[in-house]
Amino acid sequence: MCRWMAYAGEPVFVDELLFRPCHSLIEQSRRAHEAKTGVNADGFGVGWYGERAVPGVFRDIMPAWSDENLRALAHQVRTRLFLAHVRASTGSPTSRVNCHPFSGGRWLFVHNGQIGDFARVRRRLEALVPDELYAERQGATDSELVFLLMRANGLERDPVTATRTTLATILAAMKESGANAPLRFTACFTDGETIHACRFSSDDKPPTLYCGRTEGGWLVVSEPLDTEGARWTAVPPDHWVTLKGAGPVVEPFALH
Amino acid sequence: MCRWMAYAGEPVFVDELLFRPCHSLIEQSRRAHEAKTGVNADGFGVGWYGERAVPGVFRDIMPAWSDENLRALAHQVRTRLFLAHVRASTGSPTSRVNCHPFSGGRWLFVHNGQIGDFARVRRRLEALVPDELYAERQGATDSELVFLLMRANGLERDPVTATRTTLATILAAMKESGANAPLRFTACFTDGETIHACRFSSDDKPPTLYCGRTEGGWLVVSEPLDTEGARWTAVPPDHWVTLKGAGPVVEPFALH
Amino acid sequence: MCRWMAYAGEPVFVDELLFRPCHSLIEQSRRAHEAKTGVNADGFGVGWYGERAVPGVFRDIMPAWSDENLRALAHQVRTRLFLAHVRASTGSPTSRVNCHPFSGGRWLFVHNGQIGDFARVRRRLEALVPDELYAERQGATDSELVFLLMRANGLERDPVTATRTTLATILAAMKESGANAPLRFTACFTDGETIHACRFSSDDKPPTLYCGRTEGGWLVVSEPLDTEGARWTAVPPDHWVTLKGAGPVVEPFALH
Amino acid sequence: MCRWMAYAGEPVFVDELLFRPCHSLIEQSRRAHEAKTGVNADGFGVGWYGERAVPGVFRDIMPAWSDENLRALAHQVRTRLFLAHVRASTGSPTSRVNCHPFSGGRWLFVHNGQIGDFARVRRRLEALVPDELYAERQGATDSELVFLLMRANGLERDPVTATRTTLATILAAMKESGANAPLRFTACFTDGETIHACRFSSDDKPPTLYCGRTEGGWLVVSEPLDTEGARWTAVPPDHWVTLKGAGPVVEPFALH
């Protein structure tokens, strides 16, 4: 079901946060504690903001723990905002095009969860992607599709409303299609300035979400990167996190 | 624009035909003579029929000339019918899901050509894929989509009619979408018993197609595998090849 | 530290034994029970004997559980003898050249274990590889090197003696080099006719080894493929297994 | 036989020089003009200097033209010094460990050429690698080995002497081993401050080498990146290039 992390704050070398903590995301790719699947080794990705109009994205298919390119890149890149993701497939192939983060313009997106019974509802949802975004569909994941729908629904202008609209649309489509498995959505998206994260599920099992403080910045993560409990705050189900310079703001999130 | 080959006849080790000829498909992956692009190194694939209900398929992303697994597999597999393909991408990523052959049940499909201005017409065509096949869409190529449409249009019952219907449908959708680049289609599909190949284009440049004889069987190929001219017969544009035990039958093919 | 399996008996489709059992090697790649490392996802390989003078070998770098090529190949190949391996690296990169089985002529080799402090002793051991085998060294693993030494020490003529000589040589070199970590060696090699397996360690923790019966043949495995306890016999430390048509023979094995 | 490029000067985004020129290295990976092999698609690599004690290195196995990670990385990384390489194998597998640049500490190395009859002379040369560098050998290329020998021979203190010693050593070992094919060496190495390049061959066919000027800096390349002839100066055989802030200095280079 995947694990991810997001950082915003003082410029930091990516490996300081991605590799070094005792329960880092790299460690979680092998042995996550709070995920449905402990092993998250069906590809990985990292997205970061530098000097360019678009973020950098590096995705590949090996387990995150064994990729020398990831290690080297994370050692070099210094950034004030990045996302990283380790993937546990819910069915689609291990392929770069199915790895997170997904990107569009300045936006990046990582997702932990799934659209239940996705095969049943996929075509109905793909039909809702507008023409100007349709060509960006490269893989077969529910996550990439969710991101396209969120962009179509105004992610750039109002992320909360775009998410609410998208999730409601998906739930409606699921109902019409007879898709009964739950919709789970613990996700993160950013334009390089603000990090938005959401913890939601149509059942009572939304994947976990935490906020944490680091030396020069803030983290939003699937599960704590270390055992210093005081550093981490669990985000309750049906809540939304907005992270800017002043630290994370956690608010209730509901579809209606 | 890709190169491919198909064989039917006495059981033969795949490498005898895939690697050994002086202008083999492997050699064509590096230096094709009659293709728009001489280098066909954006992935490869081979599909073969053995003892199982479905054919074997092996597809990967490296150039065909350097993949040790392909070499080893082709050395072991003995079969009375196989297809192989080396890919030159017309835009979609180099990923296993975008490599040929595509498969469905007992059928395999390889394609050399393209749907012109594919990005413009893609959604219109994907919308025509029926529910029961929609979930099989894994990549982003025009070729995979053509195969799904052909299956929807009765490939199993009547390949010529299915192809005719599919190409006409695509051309109509292209017209409606303002897609002006040509539709080129030199393709091959098989159920493991009969090989069907088609050379068609909406302009006057259909990719090349040849039939040839080998010791114990017959070949249908993008371009000759060696320089023994007498062995090879060029298939004219707008023609269809049906290959069974008795050798290839070449007939005119038109949309109307 | 890796997991492996070997089969000899009536011809069987590889996937029947590699994928289907409830605790199959594929399942062990994600969650081994008796290995030092539960996750064995640093590449995989399968080697099998067919109609050719040399066995087929297919090795790749993704986790075994997610490779569609492995699944397709295992579904097609029917063989009377095969080995398979899932890798947990002890340091060398995840690369095809570092994946098992290693092959030479008709022989295949898979290994679970390690040469302790390998970096210290590597050059001393590589210097012992004779000229005619030296060019076959392609990667950086201790396992590939052990196989080259075993071939140099007469594996083809007398596997027990070759193993004894090789392990003694390695231990001597380790001593001279000040390599203090243990030498662990639970390995399997075959010429396509007889399967040889050895469970040995310089300390008291040799990796596990089992023999088991299947419908038409016999298995030698790192750990049982299912929970039917009666089917499986643990091989004690310092023992050697020879498997031919009549079933496995287990005998004591000592260096002196 | 590979193609490579090196840049030093004002900080520049890598893609400006790696992708944008009309005959860029990426274009050369598909269609080099002055190389023995026009297609250089057996892996690629880029190494760059940033804020860290060691350079960044990104190497992978697909053709350089199709790797989205390379494209994204090159778009983000801004650096005052980088090397890039596209590989045409002379025999060793397409594997990350066999791709250039090779690195050690602050040094990077790319190579176009080969040690003739390498299989014959390999062990003799590997035996000359000192203990402290031996563990860094990960692949099977002659190039990686040359780099280890150059480091052993004092590359850090005096690159010209280290190269001279290394090439003389290799030639002597080739002679002793009966290796008769030529030694060709058009190579580049850097510590992040100075770029050193050498054009040498034991026969009269050293791979090509050019110096060129760009807006804010200097290039040393296998072949010109565009057709503006005036920008490029061919380096004669048996010459050495030293590139620092003031531009390249070209001097004769001989073994004795």
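Worth a mention:
Each chain gets a letter, A, B, C and D, in the order it is written, and its residues are counted from 1.
Going forward, a contact is a pair of C-beta atoms (placed from the backbone, for glycine too) under 8 Å apart; a residue touches a chain by one contact, two chains touch by 3 or more.
Going by UniProt, the chains are A, B, C, D = Glutamine amidotransferase.
Computed from a predicted model, the values in this text were never measured in an experiment.
Following the contact convention of this document, A, B is the list of chains adjacent to both chain C and chain D.
Same-residue interface: chain A and chain D share over half of the residue numbers found at their contact. Centre-to-centre separation of chain A and chain C, using mean CA positions: 39 Å.
For chain A, the set of residues that touch two or more other chains comprises 68, 93, 96.
Residues of chain B that touch chain A in their complex: 92-93, 95-97, 119, 122-123, 126-127, 129, 131, 134-135, 137-140.
In the complex of the two chains, the chain C residues touching chain B come out as 13, 48, 50-52, 54, 56-60, 68-69, 72-73, 75-78, 96. Taken together, the chain D residues at the contact with chain B in this complex read 30-31, 39, 41-42, 61-63, 66-68, 89, 93-94.
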